[in-house]
């Protein structure tokens, strides 16, 4: 991979300013989209850790998202715990559940692992439907309270949006820290050649499991934010189609590129909404867009504005 | 394949165009959330068509006359929830956030209606739904109206009919969904309260299941003379087909035995008993007039949802005429309306819970697959 | 044997299905200098390197280096014991740059835990490793390729990069698995020069190679394998004249058949 | 009754097996995990539906025509969508097939709407009953068709030159090219055969369930799991895996409950992988 010159400083600055300044001017529905894009960006960044860096295809990421979302939803509604305690609890519990995929990843890889991740996602969703004693089943969990900060509740979407932006920035910085560190490099090395990486002293098992645990934890955080934002959860929104959607965000954005994952979540979430005036045609066009981008932009959208690496031929 | 969507769209456009020119006034917009793509899109399409047709008829004779004397046409803003709660949430938020939308129709699927109730309530907008799940009107929401009898009414009617036919042992099957489970709870309660009976067996299945051999096998093996299924049309049709294949000759009752089910089940639907809020073979004058006009317009027989949403638009038009287009005033006007006659029968919008109407029918499909009304309940 | 033994194997056995790749192999690698490991194709040279470096698990036997037994344990434990290696058919990290590949060689000299990565407390070591990596790249004459992805290098360059990556670990024992395969004379000379420079810094090299002229020239001692057994060990001059070695390579003279 | 459950499980399992077989043909010849494999079956269902219900074409003509149509769809898929990205890293290729899955399934939804359509059964009439086991004619037809098709495929693979070309490309693309085999054309034909097999599965399944646009993904998941259980890349494995999944699904929903059916089927998958990490017939091409 070309040594990664980070995205040109100007583009980063512009993006940061826009993220802060533009939303207040937006119509309610557009603001709603921005919040959702922020949440999905965090989710995509967490999946990028596994797919982009560790090179493992995971199609069950909605499972972690579900665990994080339900943990916060149930803690804040049934047990009256404040969001600021529910968030770390969600991160912790989801991170621990990361082991459920971390351990199999030691034994299988490629398409065997892909099927197991699909199985994981579907099992978690089915349990969220059937364990009514815990998750209220198909009735879902509703009226989830918004977090309270310095005394007032973040009821307005704009206030909640800034919370999401702050957390997204933190996750973005964390990912940048990782990509340049020995940890990030080791992950990418074991992606390219596990045997060689082991001979360099990389404890393959420890790195793979920590990758899943870390990725699951961040996905849990995104779930916690999602629950508090939409204030209603039900198993339908955490199916295989959501896992595929997040996977497409990472790949369309640019495998292994941090900026790419954010761009990907913007494209995957906003594009169908932009195409909405085409009514029922928009989803077919969206499928064509996926094929065209993969065909002509193997490095994903990230290759457009940053020097991110082209996908490894 | 008739391109229904395109034709429907063209018809609607010409109508609005004609009216717009005449009335010249800015249209009053009413929001409709229905299932327009995916499973259940067939009913969603008929809902949109019935609501639009009701508006066209009102607009054709000059639209709604407001308290201040001005006449304005109605306009339907339809959004699609794909029968998914999270997509429904987005869709309803978009309608409620639009200040020009004065009232909200739908959603139809209980699994979308129940969780999104708080959006309409916080906006204080009148919402008329066709979902049957009990809990929708028990959550203490003041903005919700139900233009259809609930599954409690249906199940009471169905339970009475099954027991009247001399069946004590009844097997209950239900879809593991909001709609299915609410129907089952209502049916079991109706059996207990009215006949002091309990189901011989209760089996659940997943929405979207395709192979019903396992469930049908257990029912046939247990030898129950009557089966009551609570769920959607596709699964219901598959279940009765498999039951017939395994030699089940007993009574099959179903809470969604409408024309869509009859088309899917084909000959296996003969003898199937169902409870519906309304059916086109209902003999009263209002129903027959509606069926005649509907057939003339679309040369197709209307289903229960056609009557529900046709009534809902006319009820709203009547309230707008009295209270104007302010959401709060409109809601108050509806709440103060004690009785209003519609195709389905007489509505009571002032009912505290929002359950405006309790009339329903029990039908049985005869040899020609025509749903004969075998019992009526008001 | 001389007290300066660095690596000791005893009774090392490994078979693939019916084929006995290593059978009860007991050899020693002296500390310092270059030791050759030769033998006809299929004599078990690569299997020996894979077992010693932890890539393959032996069926039986022990491997001790500087007093620690590593046979059958994970490859990263062998690396931790000071063993570095190159691969017969090139296992570079295609997705990383040339510099990053060499930095990976020094993986064990960094604290690469999550906390270190998060807090960036490892900056000093990282800087030290970077400088050492740049020196090694200069040694193998790949400085001009530093920022390029490893996959874009020529065959000879990739071979030298593998050696550079192994050197970045500052190993006690460097296992070279046919480093000269497919190289032209100029490239061969470069690799020999690298090997001599490495040995001068105190690293012991076990060289598996078919280019006999080079092996005889650079190796202080040579061990010969055939069908997984050690059939001879000693200085190059003795090995050149050893009956068993000649027969192993050239097969039995006609009249003996 | 348990026999009844197992037999009908075999019937639905047979269709999973056929789709899994098509899935594995594509994997072997082009190293592509085709997420749109389920859509080929759905495409054949809709073509057959349109021909028989609206075109009033008799079934014995409509069925082969729809299988040919899905074969054409498979061939076009390779030519237009797959060939430009072949050889790229696995994730790019998987994403392209996901894009195709979206296009095909939502295209069908666009034309035919979301609702299910009943499909006329080729052999109407009371189901056959023997020894207390009731076997709907369609299920019998499905099992027989699968057996016939598998035999035909095996014969084609072993006897015909095309079959040999297919296997050569599956073994090693480069060497096959060097031997003068037009690899691209062979892969395109491989896609066509695979789509045809999926088409047959679709047409056989249609009368048993209802034809609807969103059947593709669930079918794909079942056959992906079947292919993996059978040892990814092995034809007999795909068959065994498909039948196994069909039977397990039915037995579990009969003996335990339908709520946990998919959970238990997946747990069986994971246990199978634990016992045989590379599947039932690991490298049996």
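Each chain carries a letter (A, B, C and D) given by its place in the written order, and its residues are counted from 1.
Assume a contact is a pair of C-beta atoms (placed from the backbone, for glycine too) under 8 Å apart; a residue touches a chain by one contact, two chains touch by 3 or more.
It should be emphasised that the depicted structure is a prediction, and the values quoted were computed from it without experimental measurement.
Undergrad: Imagine chain A is simply missing while all the others stay put: what groups of chains do you get?
TA: Chain A out, touching clusters read B, D | C.
Undergrad: Please list the single chain whose C-alpha centre lies closest to the global protein C-alpha centre.
TA: Taking the mean of C-alpha atoms per chain, the most central one is A.
Undergrad: Which chain's mean C-alpha position is the greatest distance from chain D's?
TA: Between chain D and the rest, the longest centre separation is with C.
Undergrad: More contacting C-beta pairs: A-B or A-D?
TA: A-D
Undergrad: Report the inter-chain centroid distance for chain A and chain D in whole angstrom, where each centroid is the mean of the CA atoms.
TA: That pair's centroid distance is 32 Å.
Undergrad: Using mean CA coordinates as chain centres, what's the gap between chain C and chain D in Å?
TA: 49
Undergrad: Go ahead and note the Å separation of the Cα centroids belonging to chain B and chain C.
TA: Averaging C-alpha atoms per chain gives centres 76 Å apart.
Undergrad: Please report how many Å separate the Cα centroid of chain A from that of chain B, as a whole number.
TA: It comes to 38 Å between the two C-alpha centres.
Undergrad: Return the residues of chain A touching two or more other chains; collapse runs of consecutive numbers into ranges.
TA: Only 129-130, 280, 283, 312-313 qualify.
Undergrad: Hunt down the residues of chain B that sit against at least two other chains at once, touch-wise.
TA: Residues 37, 176.
Undergrad: Show me, using the given definition of touch, all chain pairs that touch one another.
TA: A-B, A-C, A-D, B-D
Undergrad: Considering the complex alone, what residue numbers of chain D touch chain A?
TA: 27, 33, 81, 84-85, 87-92, 94-96, 98-104, 106-107, 109-110, 217, 221, 224-225, 228, 232, 259-260, 262-263, 266-267, 269-270, 273, 277
Undergrad: For chain A, which residues are in contact with chain B within the complex?
TA: For this pair, the touching residues of chain A are 27-29, 32, 129-130, 138-140, 142-143, 230-232, 234, 236-237, 280, 283.
Undergrad: For chain D, which residues are in contact with chain B within the complex?
TA: Residue positions touching the partner: 1, 4-5, 8-9, 12, 50, 54, 109, 111-116, 118, 127, 134, 136, 208-210, 212, 214, 218, 249-250, 253-254, 257-259, 261-262.
Undergrad: So in the complex, the part of chain C that touches chain A is made up of which residues?
TA: Contact set of chain C toward chain A: 53-55, 74-76, 78-80, 84-85, 87, 91-97, 99-100, 103-105, 107-108, 110-114, 116-118, 120, 122, 126, 147-149, 151, 165, 169.
Undergrad: Chain C touches which residues of chain A in the complex?
TA: Touch residues, chain A against chain C: 1-3, 174, 177-178, 181-186, 188-189, 191-193, 195-204, 210, 214, 256, 309, 312-313.
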